[in-house]
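Presented sequentially are two complexes of subunit A, the first with subunit B as partner and the second with subunit C.
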Partner chain A sequence: MDKFQTTSEITGERIKQYLAQGKRFDGRKLDELRKIEIEVGVSKKAEGSCRVRIGKTEVIVGIKMGIGTPYADSPNKGNLMTTAELTPLSSPRFEPGPPRFEAIELSRVIDRGIRESKVIDFEKLCIKEGEKVWTIFIDIYSINNDGNLMDAAGIGAIIALKNARFPKYDEKNEQIVFGELTDKKLPLSDNIPIAITAHKIGDNIIIDPTQEEEDLSEARVTIGFSDGIISSIQKGNSAPLSFEEMEKILEIVKKSWKNIFKKIEKFLE
Partner chain B sequence: MAAKEFKRPDGRKLDEMRPISAKVGVIPSADGSAMWKQGDTIAIAAVHGPKKMHPQHQQDPSTGQLRCNYNLMSFSVSDRARPGKNRRSQEIDKIIEWALEPVLLIKDFPNMVIDVTIQIIQADAGTRCAGINAAALALAHAGIPMKGMVSSVALGKLDKTLVVDLNKAEEDFEEGEGATDIPISMISDGKITHIQLDGKITPTQLKEVMKMAKKACKEIYEIQKKALKESLEVKKNG
Partner chain C sequence: MATENKRKVVIPGEVIAKGDDFLPGEGTEKTDQGIIALRFGLAEEINKLIKVIPLSGVYKPRRGNIVIGKVENITFNGWVIDINAPENAFLSLTEVPRYVNKNGLDEFMDIGDMVVAKIWSINKRGIDLSLKSRGLGKIDEGLIVKINPHKVPRIIGREGSMINLIKNKTRCNITVGQNGFIWIKGETIDDELFSKKAILFIAERSYLSGLTEEVEKWFEQNKEKTK
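Let's look at the complex of A and B:
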């Protein structure tokens, strides 16, 4: 029952031949996404939560609110902390233990996409300047990995944020009363940052790779995009990208953002 | 037994479990998987293996090994849990291994390991029991040879009254003698593979608890069987 830890060479060659003809194993076009399914409120204990499925890939994202102290350089601003766990549930490739590079990068890229898009108004998370602020925790868990965890996590993060409510805050004792959510939503703007990752395989650019395809990725670019504005970019893996390829990626990302937005709009309340 | 008029916070009968739903095959990339929901507690479990034990120096040519990894999702509890292992989850890993191992024909897999991963999505007491129920289903779903099923439930004593399947509000019960928490796991033939206890109780009461556990585990066993059968029907139709 041992599984191959990576896509075999022969399958890889076949995938590349297909891509050269503009085809993929599952019948999609190169710039086509798999089916996206969303479920919100999957954990009652979280202040906000959702499950995102892209094809067979599945993540659960939860929001918890905490009280913390502000950083010295931003005494009137709340904090954001994003973590990701690539659980051994989701793939035989992931092992228990402290997060490895993949999980660290995933959470950092999602964090930047959210933070830099300015979707969160951090000043409204201030309780007492210089002393007490709200901290938003975004925690991402992979449930099943069939490629493109990054984009699933990004979609999950923004939906979970949009669905989150403040817990009740006891001002006298300066602590959170857990178990009681208020009706108050988080201070979010209308920006909807979505991270979209394009992959270069041979001379082709694809999005939303399956695990088999992702294994062949020579370079990837994740772009945090919200309606016309780019707020974060991360290039991963070592193959260089030509100017033309980068331009093509931007076009695909622009188009995909609209597609994804349409699919998730109703979950953004 | 005293306190006939004892009312459980959620109005359940003393021997009534919370509503249970179970589903097998929730994680396509795993060799076996299952979800177990009991009241507001939700656990998912995945089985990977049997596969070659890694690291190699832990390989045992005389038997295969079961390796469990239980974790709470950070948002599954009221006050955010720090991600990663702690002392509690390390103990529960071992408890779950001990609970499940007796039914596995694991000697047939020398040098191999069966990895069981359990994640708690939502915690409202009884998470280790829900984890064990999900894991046992996932092992069966993975086709691991088993002598029987393992079913698990937390019994409790609230003040002086014995009840089945504590929820969080009951676990935090403080009146009178307070709450005693007794998670128990049983094989389908009634043998006990796991028992823990926190609180205070007399031997006579504990005997009664074991009887109640046997009845509850039987109900759980039926639900587990049904979930496994349903997964086969899905396969037939799909």
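Let's look at the complex of A and C:
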């Protein structure tokens, strides 16, 4: 990564001084989110898709269904595969080529958030035990990066899943008829897992950072949270967190889950 | 002002004029279809010569430019500075107008520090910087804003009209580097953020004519909110 593209140190100083006064550069409170805009069904070829904008950050998430063989340890369960691509068009920091650390981490955090919340009933994705199961592919593409890609991708993933439909399955030839969707929805429970990331800058805990703030982040915790149940936690960056700080983060995450849920509720039917 | 009104936003490949009446200038090319633009920018016609003033692209260093850069590396006799150009620039120890301990160059400027400098020569070996002039030196505090280097002339305005307007309205010290970096230093952080907002407002509307009036209007509307 080009060093020059990171936030300069003196600007960072100013951000920290401003945070100490309890204010942020864009006028938000420390635990306030940017404006969230959602658009569903952006892709005609995908079984389910969604575009999420948080401030200037933008991601597109698509769901594709395929037929595969189950893993040996779960012969009656379907598969889930999450991939993320940080496209060069979204930020000068991303290069084309195989996924790097950030992209791998992003997809794994989203994967675990969805998988461990048990929102998908994998047993219902089985077609023939031990031989044929449905595989759900979640593909995340960044369109623009202004910080907090993780939360945007998490919101996009759950909305796209909720809006996805099974494609038509030709039982005689045992293959999918692509291009024709049935009315059948994916077997999802009522949990709404949303990945929410809290950052520690100085002595302050903030959520939904911009790119500048993300550059300054000393510690980062992403919590996969669904109405009171924590299903996954991922810690990033080098600084340690104390018990008090962790409690504060949980408090903020709980509050922002309710905020986000209110905003995305109508897209989840 | 007459030519100002004829300015038109063009994209690469767009036909600006047809026929043999016009001559192709900077950023344009003559083809069978007529004179086409090679860059994204404002097309302008002066005395039958058509040229395009670019609105995007990388910074091309010129001698005498004031630039803001970041210290990338320290050598035995100077600093390597990244000035957002295709190649790095070099600031020699002899171009610093004060005493610097030769064994401790990092005491004056360390890696990651920002500096205002002047390009005093461009040659085969690279770009050389100097601090021997008024207003140049290390930046110790403030806010750095980055804009596209091709929009710098609009931020400064005709004979500095725009930048002086911002300085007066926000009571901040503003140094504009030709490479698109702007250093703002004010009494409070709120003042600095107000300047930053104004600069980004101008950069977004750099293709408009009569921008100074527009910005004055903007200041009138936004004054109450920040005070």
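The rule we apply is simple: the second predicted complex is superposed on the first by the 265 of 269 C-alpha atoms of A that agree within 3 Å, B and C clash if a C-alpha of one lies under 4 Å from a C-alpha of the other, contacts with A are read in each partner's own complex, and residues count from 1 in each chain.
Following the convention adopted for this analysis, a residue touches a chain if its C-beta (ideal position, glycine included) is under 8 Å from a C-beta of that chain, and two chains touch if they have at least 3 such contacts.
As the structure is a prediction and not an experimental result, all values here were calculated from the model.
Look at subunit A after the overlay: subunit B and subunit C clash there. Of the two partner chains placed around the shared chain by superposition, subunit C is the only one that A:F25 touches, whereas subunit B remains out of contact.
Residue contacts after overlaying the shared chain place A:Y71 against neither subunit B nor subunit C.
Residue contacts after overlaying the shared chain place A:P88 against subunit B, while subunit C stays out of touching range.
Contacts of A:T11 after superposition on the shared chain: subunit C is touched, whereas subunit B is not.
In the overlay built on the shared chain, the residue A:I60 is in contact with subunit B alone; subunit C does not reach it.
Which of subunit B and subunit C touches more residues of subunit A: that partner is B. The superposed model puts subunit B in the path of subunit C at one of 38-46, 128-136 or 182-190, which is 38-46. Note: residues 3 of subunit A belong to the subunit B contact set and to the subunit C contact set alike, using the contact criterion stated above.
Contacts from subunit B toward subunit A in the complex involve residues 27-31, 33, 40, 42, 44-46, 48-52, 69, 71, 73-80, 83-85, 115, 117, 119, 121-124. Interface residues of subunit A facing subunit C in the complex, by the touch rule stated above, are 3-4, 8-11, 13-14, 17-18, 21, 25.
Taken in their complex, subunit A has these residues touching subunit B: 1-3, 42-47, 49, 56, 58, 60, 62-64, 66, 83, 85, 87-92, 96, 98-99, 137, 139, 141, 143-146, 176, 178-179, 211.
Listing the residues of subunit C that touch subunit A in their complex gives 70, 72, 82, 84, 112-114, 139-144, 189, 192-193.
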